[in-house]
Structures are given as C-alpha cells and as structure tokens.
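Listed after this line are the structures, all set down as structure tokens.
The two complexes that follow have subunit A in common; it is paired with subunit B in the first and with subunit C in the second.
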Partner chain A sequence: MHLEPFEYEKPNSLVELEALLSKHADEARLLAGGTDLLVLVKEKILSPKMIIDIGDVAALQGITADPAKGLTILAGTKVSTIEHSAEVKEFAPALSFAAAQLGSSQVRHMATMAGNVCHGSPSAETSPVLLAHGAVLTIAKAGGERELPISDFWLAYRKTALAPGEYLKAFTLPALPKNAAVEYAFKGLRGAMEIDMVNVGVYLELEEDLETVKEVRIGMGAVGPIPYRAVKAEAELKGMKVDDAFFAKAGELAAAEATPIDDVRATADYRKKLMSVLTRRAFSAAFARIKGE
Partner chain B sequence: MKKIITLNINGDDYDLAIKPTDFLVDIVRDTVGLTGTKKGCNIGDCGACTVLVDGRPILSCLTLAMSVVGKKIKTIEGVADGPELDPVQQAFIDKGAIQCGFCTPGMILSTTALLERNPAPTEEEIKHGLAGNICRCTGYVKIIDAVKHAAVLKTKEGTDVR
Partner chain C sequence: MGTFNKVVGVDGVRRDTVDKLTGKERFSGDYKIPGALALAIARSSEAHALIKNIDLTKAKALPGVVRVFTAEDVPGENSYGIIPITKDQPMLAAGKVRFKGEAVALVAAESLEVAREAAALIEVEYEPLKASFTPEEALADGAEAIHDKGNLCFEHDSLMGDPDKAFAEAAVIVEDTYTTSAIEHSYMEPESGFAVMEDGVVVVTVSTQNPHYDHADLCRLLGLEEDKVRVKQATTGGGFGGKLDLSVHSYVALATLLTGRPSRLAYTREESFAASAKRHSFTIKYRTAADAEGNLLAVDAELVADTGAYASYGVAVAMRAAVHAAGPYMVPNSRVYSRAVYTNHVFSGAMRGFGVPQVALAHESQMEKIAAKLGMDPIELRLKNALKPGDKTITGQVLGDSVGIRECLEKIKAVRDEWGAAKGDDDGVRGIGVGAMLYGIGNTGVSNPSTAQIRVNKEGGVTLYTGCADIGQGSDHVLLGICAETLGLAREDIALVRADTMLTTNAGATSASRQTYISGNAVKAAAEMFIAKAVEAAAKVSGSAASELCFTGTAVKGPDGELSLLEIAESLRAEGRELEGEGYFDPETVPLDHHTGQGKPYSTYGFAAQLTLVHVDKATAEVRVEKLFAVHDIGKAIYPQGVIGQISGGSAMGVGLALMEEFDHTSDKNFDTYLIPTVLDVPDVEASFIEHAEPTGPYGAKGVGEPALIPTAPAIVNAIADAVGVRITSLPANLERVHSALQLMGGK
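Take a look at the complex of A and B:
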C-alpha cells in the first residue's frame, strides 16, 4: 500500500513535544494510539506532513485520585489502563464501564481517551460519560495552559476547540458530591467492535431527602454532529421528585432534544426512541447506585 | 527517507532500514520474514495481525514500526520455548480450536495477554478479551473451550515442581 510520505518525530518530554507542535502546528498530527489516526491516513482521508508520536512522553501517563480535586487522567493514558484502574472503578465506575465498551482489547491497549475525545466522533464511547461528569480539560501549548469544560470542546462535526499548536493534556473529573452518581447506557448493533447507534451518560444528584433532584446532567452521543448536553431537559428535571414519572419524563425530554439522522446503523426515529429508553434506564440505575442498591 | 533502527523481536535484535510510513506488520512479515503474523483487514478490525508489545496485545497493522523501537515485540514465533509448545498453543491443539489457522496466531497472542492479566477468566471475560479477533471459519465455541483449557494448563504449569 502506498502512503503519502510523512515525517515521524517521537518527543520524550513535554518541552520537546511543545517545541515540535509550535514549529509544525499546521502540518503535524499527534499520534497517541493510532487506532483512529492511522486508519484515516491509510484511507487517505488525512495526509499529515508530520506525525508526532506522544507514546513515550512519561509526563502524559497516569491516573491520580484526590478527594478534593477529583480524578485526573493524563492524556496519554491508554483506554485499557482506564478500564482496569482501581481509582477509576471507585470514583468513576461508569467511565470504567464505557472504556470497556470501546473497540477491542487490542484497540483499548493502543488507544487513549484523549484520542477518542479529540477525534470528535459523535458516537465516541467515553464522551457522554465525560459530559455527565462535568469533566474539565487541561489544554496546553508552548508557554501556557488553559482549562475548558468538556461541553465547550466540540464545535462541529469532528471539529474541536484545539487551536493550532495546542494539545489536550489532562482530564479532571470533579469529585462526586454526596448523593450523586453517573451512569452510562448504550446500544450497538452487536456486542463488540461496533459503533454505537446511541449512547448516553447521566449525572444525578439528590438533596439530603434522597428524593428531590438537586442537579442533573445528560450527555448524549450519536444523536447530532457532536456529543452534547441536553440542557433544556436538565433545567426542567431539576427540583423534581425521583419516581417512575421522573424517569419517564427524563427519557422523553432527552429524546426531544436529540437531533439524530438516518444512517446505516439506525433511523433517526429509532434513535430518538432509544435515547428515551436509555436515558430512563440510566437515571434509574444512577438512583439505585445512590441508594446503594 | 529510510532510517536504520533496531527492533527487538522474540528476544533477537534486528537492524532494519525503514521509512516512517512502514507498519510493523509489513516489517515483521516481509523484511524480518516472520510470516506467522497474519495480515487480514489491514485497518484494525480483524485481529489477525495481533502481536505483543511489552506484553500488551496490539494491532501491528496500525502500529508504525518506528514507534516500537526499544520495546519488546513478541510474535507467534516467540511463543513456544524451542520445541516445547506453550500451554496456550497446546490447548488450541487439544481442543481442535484451529480450522484454517489464519486467525490462530492472533487468537493465541490475545489469549496469552488475557491470561496474563486474568489467569481464570469466565466465559464472558474470554469473549470480551477475544472480541477483537475474528475467525471466519466460525470456530468460536472451540476457541473459547481452548482458552478455558489453557487457563487450566497454565495454572498446573505454575504449580508443578519440576
């Protein structure tokens, strides 16, 4: 197979990475796992002049849990590491679950969550969970860093808020308050190696009475050009009492805010129905988790 | 432009002249000549090209050869200890888990990685671990049997006093 030639660089430190990125901002692509990027290069959808492999940048590897700050996952951390991490299982079990649904064992050992997020696919497995967690991204470049809520990261179909020369450095999932839980639900055509028809991450936080909704977030995937929050539904659900009517209403409102298309995997109509069912189930599971059931 | 790099495959160092666009599967098969690693879909869907890099199962068709310099690469040729088959290989033979054999090297390396992390997987865990390896002869039942058998053989091997 003939590929358009590219140069290959493998920095060992953030300083080297940032220098390369600022010098080659317009022509370089970052290689994390390669399971998306190199497929696009092979299919000639992308023809970068340079590939910068971040696989050996130790400063981008790792997961830390801090009771005050929350869970920090550095951008080079492999999806399989997230899937099996004891910290992630404890503080963000829905993320561990979503990570386990991504691709195959091989893909999870190669790919990173940062790649999953930066690739910008509307059906990416980890994106709805990160939206539900209210994750904050650390975006860096030579000489500076900024923080961005993940809900502001995707701008349009496969277009992100990363400016030339910038890279995604870390995810921070704020520590969950008391009486709160996140759940993830998805539907694919088969059990593995598929692209989801619909996926959703929900955050539920209850008042002290354990029945009044204090806060909700709904992160929806594969029902629009980007993963996004159902903000109108969220506003309407706040303050409601949690019961079967609430679960049904949550599903209904999320579906109303979904804007799917017909494609090879499902019709728009079916996706809306799925969004309703999955959202209802996810809230029900989140409620059970808070109650310790 | 080609560069001379060294790849460590199955414990041996190979000095190779490669281009940035060379993928590991092609270097392993065509340049080094270890054709046990199979090239199926070439876009990361079928798992036939699976090799271990520092013990992790990866798709050599989506891995740039330059990216694995300094790492330990294991292909199917490096699984057996001389004439002595690895328990995973023996289990695939014992259970008749091989038909045409094209997926087998990838299946065996994925199994090796799975059992390394989880020495006694459930059937669901086996399916989850091998979901990225496609068998076109549809021999999954025997393959799953073989993985269960391999887990038993490996545990025995670990406790045997030799």
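Take a look at the complex of A and C:
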C-alpha cells in the first residue's frame, strides 16, 4: 500500500478540532472510523493533505434519550455502540437493526454513523432510517452551530451540505409520537459484508382510530445518486386507510419514485421491484409494531 | 508411549490447530528475510496482442531498482505447465500476451514501493490481436489463433454400447443445455513465497500444493540441474486447486538466481484475481434416455470448457468431466465428447472437483426431469439406477467392493421423510432437492504414485518423511495418524518432515482427493517395512526367531529382553544398512483409450448424496438454504472431525457455486464485487459419512476433499425447482436468474 503523504492530527477537544478545521478547511478530512475514508485514500480517489482523527474527542461520544427532545447521538459514536445501546433499542429499534446490518462486527466497531452519513453513499445502511425518523443534524464549526433536517443534507452523489470548516456534531431523532413506528428493510447479494442493492426506511403514524394514516415518511437508498424521500408517495398515502391495498400502494408509489441505475449489483428493473416489495413489507411491519403485534 | 491406543478413527485436537489460532504458525509472508529484494510484476493491459517493444529505460533509472527482467532473461525453457503434453505457459510473456494480467516483466528493487513504481514505468508497445472470450468465438472460423496449435486445447471422446439405438428405443428422453460460471478459488492467503541462495542452490519457500512438480518446472525454467533447486512448502493458507500452478515461485527463483540476493513476492488480492487460475466455466449439452420403468438407457453429452489463455489443468478437467458425465449411475450406453478450448481469459485450472461439479449439475438436473416425466420419486429413480459393486461405469470399469451410493441415497431418503413436506410461508415457498455424485480418487488414467520414508532419528524415535503438502486440509494429521496406528505409537511420538524437495521424495500433488488414499498407503507401507526391518535385524542380533519378537513402537521385545530402535539401527549400520522403511503406492489404473474413452481411470471412487431445503422469496427471488444434510461414503474416516470439516467447508463452497459465485473477467478485481458466501449464507451443515471400506485403501480410506462440494449445487438447484416449479440451468442461480424464473411462472 502506497499512500500519498498527509499530515495527521488527533485533537482532544472540540475547541482544538474546530481550530484545526477552520485553519485547514480546504485540505483537511475528518477521520472517524476510517472505513470509508481510508479506502478512498488507498485508491487515491482522495488525497487530503491533512487527516484529523476525531477518535479522542470525548465530547463527540455518547447517546442520550430525552422524552421531550428525543434521542441524541453524538457524531463520534461507533456503529456497534448504536447497535447495542439500550436507548436506541427502545426509542429507535429500526436504527439499532440497521446499525447491526452494517458490514461485519469488526467494521461496526470501527465505523461511525456520522461517517456513514457524511461519506454520502446512496446505499448507506443508516441513511434511510434517519430519513424516516426525520432526524435533525447539528452541524458545527468554530464559532457557531446550525441545525439541518437530514433530508437536506445530501446534495448530489457523495456531496453533502457541509461547508468548508464545518463538521457533523450530532444526530437528533425527535421522540416518536404515540401510534407511530419506523421500520427498515434492505436487500443485499448475500447475508453480510455487502453493499445493499436497495434499502428503505419507513415511518408510519396513525390517527387515534389506529387505521387512518396520519403521517408517513419513506427514505429510500440505492435507487438514485443520494438517499432521498419519496415525497410524492408520502403525500398520496397520507389519509389512506391501512389495509393490504395500502401496503401494496405504498410499494408501488415508492417504486415509481425510485430512479435506480443498472450496475454490477443489480439491474434497475430489479431494484424498482425490490423497492416495491421492501416498502410494502416495511409498512406492514410498522403497522404490526404499532398494534403491538 | 508404550501403551497402544487406537489412532485411526479417533478424534482429538488437530496438531496444527493451536499454532494457527495463536498466530505462532508462520506463513511464507511472516518470515523476516534480511536484505531481500522486493519484486513487482508488470502485467499486460491487453487480452491478446503482439509485443512490439518493451521499454525499460524509465524503470531501470528509478533509484532503488536493482534489476528488471523480461522473457530474454529466462535462462531455461520459458514454458511450463503441470500436464506434460501442454507446457504452454511462459513465466514472462515472450513476443505475445494471451490474457489481460499476464506477466510481461519483473522488477527487483530495494523496496516494494520502488518495485511497484518501476513496474508501472515499464512501457510496452502492443499490437492488438482479435481476442476470443468464449469457446464459441475461439473455435469460429476466422478466430485469431491464441497458440500455434490453434484454439482447441484438448478433446476427448468416450463411447460405450450403442447410444443411438438406445435413444431410438427409449420411452423417455430428456434434454437440456447447462452452463456454469468461472470461479475464483478465494483462498485466504494469496500466492506468496521467497527465495534465497544456499551453497549454490536456489531455495524457494512457497505457498504451494505441489512442491515436487514446482521443483521440476523451476529446473526447466531456470535451466538448472535437479540438485540446484530446492522447494520447501511453507505453511499454506488454502489452495483448492489454485496453488497447483506455479505462481510467485518462478519470479523469486529467477531474481535470486540472477542477482544472488534473497527475494520475495506476495500477490496482492487484485493480482491474485487477475493472474491465478479460475474454475473452468462449462457449457454442457446433455441428453438422457430411460425406459418406462425409469432404468437409464443412455447418455449423450457434449462438454465445452473455457480453459482460458493457457492449458494448466485443462486436459485433466476436460477428461475427468467426461469420465464422470453420467454420475453415480449405471448407464449401459453412452457417448461423451469433451473439449477444453483456449480463450483470452486468464487461464482456468484445477479447482476442487476438476470439472465434476459442473457435470453434476447436468446429470442431477436430468435425473429430476426424468423422474418428473415418469411421475417417479426422484430418490427412488436414483436408487434404481445407482451403481453397485461389480457394475460397469461409462468407461467400462468394473467397480470393486467400496460403492456406497445406495446407502447414501437410503439415508437421504430417511432424512427427507424426517423433514416432511416443505411448506411455504407468507413471503415465499420452500422446496427440497437431492444431489448425488461419484468421484474418482487420484489422477485420471495415469500413474500417480506417492512415496514415503520412516527413519529412526537421533533421539531414538521415528521420523516420517513425506512430500505431501498439507494446505490446511489436514494431511499431516491423517498421515501421522496412519503412521502412528501402524507403528503402535501416538502421533506426538513421531517427528514429521514434510514437503521439502531436498529431504522428502515425491508424493504427487495435493489434489484429486488423493493424499489420504495414495500417500496414506505409501506411509502405511513404509511403516510396515520399518517394522519388518527392525524385527529382522533384532532377530539377527538377539538370535531369536522373528516370530518370537514383537515390535513395540520404540523397541523390539523378545523372550530375552528388548532392543531399542537406536540399538537396532546401530547393528544395521554396521552392515552398511539403515533402519528405514520405504513406502510406495500407485493406484492401479488403465489409461483411457483415445477413441472410446474406455479404461480404468481410477482404482476407487468416493460417493455421496446431499439433501437441501431452500426457501425462495416469491417477491424478491432471494434463495436461502435453510438445511443441508450430507452423507459421504469415504471408505474409512482416519480423522472423523477432519472429514466433517471437509464436508462442511465443501458444502459452503457448493452454496457459493450454486447461488452467487460468477467471476466476471471484466469487472471483478477483488472481494468488493466478487462475493462468496459468508457464514450467514450457509446453513448449519449436517455432515455425516458412511464407511464402505476400500480394500486397497489405508485402513479402508478413500478421499473426501472434492466430493464434499460436488452434490451441493445440484441439490440446491433441484430444491429451487421443487419450490418454484422452474428449473435453473445456468449457475449461479443468483437473484436475477431466479427472479426471471419466477416471472416465467407468473410470480407476483
């Protein structure tokens, strides 16, 4: 392995991190788990002049659950920590499940969800669930912070809304209202260690009658250049009665909004079909979860 | 020591387990070689082209580069290959390249970075030639000849009885075309080795399945006498047939010979993918005839294998596939025409099963089709036709006593009854499928002996010398087990010298599931001779009759006390003799007739049947193998856990062959896109064996390494057909193929 030379910094605090970032904004890259970044550096797709390792920044570690605010996951938290967290299991079980599907145990102990999201891959494992949860990102830089709904985070293939000097600090998943659930469904070419051909996260919220749709969100992955929401489908599904026809319709509408391409993993046609099946099954699972089944 | 415990058939921790698990065991890449040159290979960017010029100027000018080699530097004959009649592969391309990734030049430098940078600076001027990427293209009129002799590498005919008549009289005829994919071996350890000069000898330590063959072809390439090259097998991290060819050996040997300095080379995974052998993809046109009761009457099969740019084991694969074309069944009339065809793909070579997994897909699919046509139970149909002792195979060979296929099938039937009918669920359907096979142990219709020696060592114990390469499958443990059992010792009492061409004699390749049977016999013979010699010498020294003496493993006991092995050795030495047992075993074979393919290709066969239960998701077409039961007739399990391990691992490989592995020559560079099963894709394999002792085998043993994977893919494909009613005839049965099959049947 022959890497292009780079400088390496490992700050201990947010202040140091932010100072380094503002000084080297254009030529620095953050290193979290490195499981995406180092692949790109090895293949010389990226040649950053400086790598800033956030592994020692304690203020970026942790998960907290607050009944009012929801679930906050700081950016340095490892995927394996998210996978096994009691809070995540309780307040966002679909995220715990999605985290458990990422790579292998070794990869999950290195990788972070922030890396997963910031790498900006259209097939990233956690993105659809975060879209379904309507997660809000805290984006910070020296001297300031801003909040951004995750659906506005990805701009184009592997391009995010992070400006030079900015970094992702935290995820907030708003507390789920009553009668709501999120589910995640995915399909890869084998049981583990693969890139999903299609993945989808769905949010279903019912009216008091427990049969009318109050709110839905559909976050789709690997069917376009970025993970995105099927907004037309969402609009059309709102107000419907939940039954088999609804599940089928949800699948059809999601597939209609999917714009996949043929690649080495699957054809576009098959991906659309998968999106329909997975969305149907995810909604049916979400409905079962709300009903406590 | 002393008290005799049985060794053969007994489990226990394998001797290499702890060292491998703790990392103590050293693979070739783990050795520190002070002063070693780093090597890098410049590889062809073209699939088929003439080399007009190679410009080494920039590469040589790079600081740190010690020397750059091309074909002109090869001192001996720049052609090698395992099969004597097809030594057609150069170690460095000479005037022409035949596949993308072929080695064109070799750089030796002070560091790996420099070596690789220099390799990238080598400028090769090519004149592209028309390339062929399928046997069809390669055999078409106007195809560019890949080798001087043309693009047909090898053809083999086999004829028995009167197949045309049988087809004319048959009640049922089924026919189909089957295709299988190219497959990468995917051993964990890529090709790796190093060379040093020791007293004028080039010593190559390398990851290999075949040290004595390596030695012979290295002598040929380097133009050296036998005693100027020594090959030592390093601990080897898997082979599956892919380490039967030369890989890094010739490069480290050449660099060390010509510079006098040690050198080392390990392929990157990308290099291993690009430049190592693949499993032959096959196209199989297959017709089967049966009477109304389901008795097979005839088989007519045409097999075409893509052997890639060089022959490697192509001849052996095409021939073995033909010999096994009818499966473990009695078929009185047959015609098989098999070809290995050159193309401009990376060469195909040996891979676990040598063409038999490919033909097994065909014969086992055909059995299902016949059963369906006749409304018969597919296991009953197989039982009706299964070979028995004394039956003739399609090469006219009369089988001996160890033919366990019926018992395997009976077991499968009982397990199927236990499983009950396959029931679907909300998302999908389930099906059960059977696969059966026979597999000839050893090389096909040629002499393929093994040898072994047992000598008393300085400590007064015994040392076993074998040329057999243990590549992780456990032959060390098996051969020591046979040696220990015969001598009345424990494995731990015996020292082992293995797979070193200076210290051990040829045991043949670790391939063709042959080492337990053939080297096992050689070891057993050596042990028996050792005992006889010790007793005879002790008789002479003590004046007792040999019949009064008893060999204890460490001494010979008689009425007047005992003589240690050292004492016996000393008495022999006084006569100028050694206390040594030498063993030799060559299975009895009769070469196959050139026109009819008739003969006795192997002296014994392994048999097996497997049963799988699969779940097919009706919407996504995902296939999950939920259960896999395997039963193999292996003659005798010398080390039962090893047998179970082979069957479990082989079945996992079979799942890959069945469902996901398909080497795409244009896009698969590494494991990013080339997917093999993970533990989550393989069911808990319920592996079992039966022991129809082979009279010519050591303690009755045959072999299991390759049989392990052969029935798996057919069983899975048959289970898919049972579940969805549509037969997949092209492997792998991946999502998209199963998906289109489901659409054919109108799935939602």
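Please note the rule applied: the second predicted complex is superposed on the first by the 293 of 293 C-alpha atoms of A that agree within 3 Å, B and C clash if a C-alpha of one lies under 4 Å from a C-alpha of the other, contacts with A are read in each partner's own complex, and residues count from 1 in each chain.
Convention: contacts are C-beta pairs under 8 Å (C-beta built on N, C-alpha and C of every residue); 3 or more make two chains touch, one makes a residue touch a chain.
This structure is a prediction, so every number in the text was calculated from the model and none was measured.
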Could you let me know whether more residues of subunit A are touched by subunit B or by subunit C? B
Once the structures are superposed on A, label A:H24 by its partner contacts, choosing first (subunit B), second (subunit C), both or neither. neither
Now for A:T267: first (subunit B), second (subunit C), both, or neither, which partner does it touch? second
Is A:V277 touching the first partner subunit B, the second partner subunit C, both, or neither of them? second
When the two structures are overlaid on chain A, which partner does A:L38 contact: first (subunit B), second (subunit C), both, or neither? first
After superposition on the shared chain, which partner residues are touched by A:G191: those of subunit B (first), subunit C (second), both, or neither? both
Indicate the residue numbers of subunit A shared between its subunit B interface and its subunit C interface, in ascending order. 191-193
In the complex formed with subunit A, which residues of subunit C make contact? 113, 116-117, 427, 619-620, 622, 660, 664, 667, 673, 675, 677-681, 734-736, 739
Residues on subunit A engaged by subunit B in the complex (per definition of touch): 1, 3-8, 10, 31, 34-35, 38-39, 42-43, 51, 53, 55, 78, 80, 84, 100, 103-107, 109-110, 191-193
In the complex, subunit B touches subunit A at residues 19-21, 23, 42-45, 47, 50, 56-59, 62-64, 66-67, 110, 113-114, 117, 127-133
Subunit A contacts subunit C in the complex at 2, 187, 189-194, 264-267, 270, 273-274, 277-278, 281
